[in-house]
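Think of it as A, B, C and D in the order they're written, each chain with its own count starting at 1.
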Amino acid sequence: MKLRYFAWVRERIGKAEEDLDPPASVATVADLVAWLAQQGEGYAYAFENPNVIRAAIDKSHVHADARIAGAGEVALFPPMTGG
Amino acid sequence: MKLRYFAWVRERIGKAEEDLDPPASVATVADLVAWLAQQGEGYAYAFENPNVIRAAIDKSHVHADARIAGAGEVALFPPMTGG
Amino acid sequence: MNTTIRLQREPFDAALEARKLTGGRTDIGAVVTFTGVCRADEGGEPIAALTLEHYPGMAEAEIARHVEKAIARWPLLGVTVIHRFGRIAPGEDIVLVITASSHRQAAFAAAEFLMDYLKTRAPFWKQVEKRGGKSWVEAKASDDSAAERWSEPKPARRDAAQ
Amino acid sequence: MNTTIRLQREPFDAALEARKLTGGRTDIGAVVTFTGVCRADEGGEPIAALTLEHYPGMAEAEIARHVEKAIARWPLLGVTVIHRFGRIAPGEDIVLVITASSHRQAAFAAAEFLMDYLKTRAPFWKQVEKRGGKSWVEAKASDDSAAERWSEPKPARRDAAQ
């Protein structure tokens, strides 16, 4: 599964994207965020407050309870500040 | 007192402005419109429906009950269609 | 406060006016430009042109009064209102309103407010040239209700007349 | 329907884009242009520049989805959305929304709708350079509530999670 990070999520983790295979117990976006937070210091910092993390699966916004099975690309990022 | 007419009020009366001295009994804009309606065919046509006539005294919008005493210029016109 | 109000017969250049309003400033975050354009139809019938009549002196004063109201109501950094008069062909611009603010809500609201008032309170009258001759455009109830929504509650009137 | 959606690093020419949207047409009566400009301050502190990061592919798709929503909701005759990314200095334009319609209410509403959505749903993130270093701009609750007002009532959700 391809993971992409943007803005301060990207900065804290120290990379813009990576390929990871989370264990089968990781079913939803919320599960993924909780699992990633345990993958090291940068991840723990990026996901210290899971409530502010926004997510997209295959370039569409999803809620934290969205299932990640079958996702090609999951993106995690802070609230958007465009416009 | 200077009177000014615009749009179809002007066209029906056949002039853009004139100086008139209405009798003392003509106290308000509504009185003035009623009095003008009796001054000839064009006036009667212009003011056949007094409810749609809008008025300004000295270039400020006024209601039909506004008093005309002391007015330098009274303008009578249809509802505005600018913008 | 950068304020421009102009009535003119000749066309205007919206981009130039926007540059004049914002040029060299770095406190403006939002610019809303409204351009009213002469359409080729009126009430479903084709028109050859429209002619705008106005009340010189009063038109400028009315627009200035509403620009002051907008400035009092929203945190604006600049306002431009240009209204043409005379004969205008389909596709040509009629009116320009530009509002600048540090935030977008103020710029949008002020531009809408000014347009709603120009439609109903500024002393301009549109006459259209159709195949069957010339006719005056009738005021729309929808424009009156659009302007109404900006009214502050008024004290009850003491006189009952009209 | 004339629709343009573009993400680009280089500046845009708002006047040129408006001409492209309306040129040669005589059915358009109202054109609303919104330009978002980089201010020299953020949260009361001076900034040297801002840098816009975006999610390529998703940003275009999200904007296109909201342009479609606007077209379904209002009688529009043209829509242009251009959003810049990369480094932008104070005074430079960031975003452009142009809406054209035969009547002004539709053009105003659609432009506001698109801006409210761009602020809260389009995947862009602003970083500012201040004296003390770089920092990410925080999302504003006021932008969320501005976007909320366009929501259609939703059916009750069946799942309680999230």
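The working rule: a residue touches a chain if its C-beta (ideal position, glycine included) is under 8 Å from a C-beta of that chain, and two chains touch if they have at least 3 such contacts.
Worth saying up front: this structure is predicted, and the values here are computed from it rather than measured.
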Checklist entry - With subunit C gone and every other chain left where it is, what groups do the chains form? => result A, D | B
Checklist outcome for this item: Farthest CA centroid from subunit D: chain B
Checklist entry - What whole-number Å value describes the gap between the mean CA coordinates of subunit A and subunit B? => result 72
Item to check | Cα-centroid distance, subunit B relative to subunit D, in whole angstrom | outcome: 49
Next on the checklist: Using Cα averages as centroids, what's the distance between subunit B and subunit C in whole Å?
Outcome noted: 25
Checklist entry - Residues of subunit C touching 2+ other chains? => result 36, 104, 115
Checklist entry - By residue number and range, which residues of subunit A touch two or more other chains? => result 83
Item to check | List of subunit D residues in touch with subunit A within their complex | outcome: 36, 52-55, 57-59, 61-62, 83, 94-95, 115, 118-127, 136-139, 143, 159, 161-162
Next on the checklist: Considering only the defined contacts, which subunit D positions touch subunit C in the complex?
Outcome noted: 14-15, 18, 22, 24-41, 90-91, 102, 104-105, 107-108, 111-112, 115, 146
Checklist entry - What residues of subunit A sit close enough to touch subunit D in their complex? => result 4, 6-8, 10, 30, 56, 59-61, 63-65, 75, 77-83
